[in-house]
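See below for the structure under consideration.
Note that the chains are named A, B and C in the order they appear, and that numbering of residues resets to 1 at the start of each chain.
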Amino acid sequence: VIVALLTDFGTRDHYVGTMKGVVLSVCPDATLVDITHDIPPQDILAAALELEAAYQYFPPGTVFLVVVDPGVGSSRRAIAADAGGYRFVGPDNGVLSLALRGSASSEPARVVELKERKFSRPTISKTFEGRDRFAPAAGWLARGTELAAFGPTVSDPIVLDVPVAKLTPEGIEGQVLRVDRFGNLITNIHRDMVGERGHEIVVAIAGETVRVVATYADVEPRALCALVGSTGYIEVAVNGGNAADVLKVGRGESVTVGADHGRPLPSL
Amino acid sequence: VIVALLTDFGTRDHYVGTMKGVVLSVCPDATLVDITHDIPPQDILAAALELEAAYQYFPPGTVFLVVVDPGVGSSRRAIAADAGGYRFVGPDNGVLSLALRGSASSEPARVVELKERKFSRPTISKTFEGRDRFAPAAGWLARGTELAAFGPTVSDPIVLDVPVAKLTPEGIEGQVLRVDRFGNLITNIHRDMVGERGHEIVVAIAGETVRVVATYADVEPRALCALVGSTGYIEVAVNGGNAADVLKVGRGESVTVGADHGRPLPSL
Amino acid sequence: VIVALLTDFGTRDHYVGTMKGVVLSVCPDATLVDITHDIPPQDILAAALELEAAYQYFPPGTVFLVVVDPGVGSSRRAIAADAGGYRFVGPDNGVLSLALRGSASSEPARVVELKERKFSRPTISKTFEGRDRFAPAAGWLARGTELAAFGPTVSDPIVLDVPVAKLTPEGIEGQVLRVDRFGNLITNIHRDMVGERGHEIVVAIAGETVRVVATYADVEPRALCALVGSTGYIEVAVNGGNAADVLKVGRGESVTVGADHGRPLPSL
């Protein structure tokens, strides 16, 4: 069984290694995979978005161990969930909510609180529940323990409030949600909102009007472009360069998708 | 069998991957886990502390492959050890000494020098013994080779000199030993030195007097606090922030634990 | 079977984790190893050199999944190869060419184009072929699919043009090809070009004349030295320090190996 980890612990301290030691102590034949540990410290939204983008490419049954937890040691709940054939463990602060929503197409997610102490380590640190509560729970899930054994059902898990793109007279107004390693600016405007009109539209960002193309190589080296990225959202990029650096913008920047001649898109 | 790696090789070069290839060439079914590779170059103390914090959370039998080795290629010894049910491989420069000390509660560590050439690669680079000497030794240990087969017993492995907290008329005087990714300042003052008086004491650092609490959330966002961290040592933190940045201090900074009204702690 | 990954995706986004999910979806018992993901964005030469340095330390049969792909989404070919007992998957932009050349001592590399759609994901993103084309191909290779099943033979894979050291009246003239995490400057001048005369030669770089020694510890702390590095090439280093910082040079810097008294090396 795969246990895939996503945290904001970074990789320079022992924290992630320690959690892996705990998972393997419970479930020695788990296959461990890192999604990322470089989420900005305590950035729940960033973690939720990375998880949402990645989880569905793992085999069914994968356990996602997600620890971005500004409330560590407080009374916020710790939860485990089962949704769309995947399992999730983490704090109840919304970090799992986008994945739980996404995989709930068939049947709603089941969520429980991690209450049963025999699936934790004997002592639970107030500063490192990743090691003492979440990692052992992930190990026990990977080992086959039923979700219901961990504790009572949670009917109202925290749901993250994610900025949503809106249809306006000017077109579709959205914003940059993620900036990746290459400086690509990934927006919250999904391909499905734009429809089939790809090449008839333009993207406005930071005072620039950017052409929509099929792939980076469709524009000159170092030129700006916009395209449908790998998760289905419109992104702004520079062919062979870094759009975030070129435009000097980041998460939260406004983005508008409009018709090619400045008129509102009629049917949007 | 788990082989857990801890080095200062970073992750941008091929070095760690190459070592893993060598381990798997010797022991194809080893489970590889990274503790960290981002130890500051040649910082033996930092590596020894990370190892000490992590190793006991791994299953017994785990082999720790630790390469922080300023003396690579010189005549410093290469060693393997068995202590508390764990196995260790690395240079004899003290990097293993805190873990060996820690796990020796039951019986003293056994240490041997890596002399037997058949457990090395045929040629040993003077600049990359991690690949040619330590990785194969870890692979052979994981595969079940007895410690004694690697070479003669070492009775005097190098022991690292770690700054120790002292009891003085002003309280307990210690220092910051580790600064983690979140900017938490982890001291060498253990909970056991302070006893049960948690909330009656204060921590003095960099001209600030800091309250001791149970968890980060017990103080206002962005406020300083001190607490017992996940390895049992007093640490100074900022709730939702970075104490190292706020206080502008790092490793070596003095820290004093005193009574809440400025008097020495009577029974310490 | 081992699948070893080398990309320029970094580790802060979900990209590498997503690719691993895809590999494991195809081949659940693959052992995943990271070589590095911190290749500078789109730096094909850097990736080719890291792969060349690492691959031969892995067990035969290892599948190398290499994605540094400035032409993603364009019509550049995607290839898989078999050479010297190893398997390789990546874009046909030269990134595999140094490894394919290196392992071809026994018999020439076999290269095919990834054309057969049943070994890709159903939809192939124009911005993330690593996920949709290369990762599944690596999974299928690891699972035992024959190379020929992936598509037609490629007789003219792109070969990278790597700067080669030259013999001149002044000695051997080469350049720095890699700068590693420690600031070591690794040149393209191989030990075999220099012959057995190690201690009779000097290395000139950035106005400095540097002694050739056997290992870092042969010079004073903080002193410059030159030596034969772990892959057989002359490198310039600082004992306990960072040569790139000290000399303020990087990739492409000229390096000359000459006789110790300024005369050309007679027999070179």
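To be clear about the criterion, contacts are C-beta pairs under 8 Å (C-beta built on N, C-alpha and C of every residue); 3 or more make two chains touch, one makes a residue touch a chain.
Given the structure is predicted, the values throughout are model-derived calculations rather than measurements.
With chains as nodes and touching pairs as edges, the resulting graph is complete, every pair of chains being joined. Shared residue numbers account for under half of those found at the interface formed by chain A and chain C, and the copies are therefore classed as meeting with different residues. Chain A and chain C have CA centres that are 32 Å apart. Along chain C, residues 11 each make contact with two or more other chains.
Every residue of chain C that touches chain B in the complex is listed here, in rising order: 2, 4, 6, 11, 31, 33-39, 50-51, 53-55, 57-59, 62, 178, 180-182, 214-217, 227-230, 235, 237, 240, 242. Per the touch definition, chain A reaches chain B in the complex via residues 9-22, 24-25, 28, 32, 41-42, 70-74, 125-128, 131-132.
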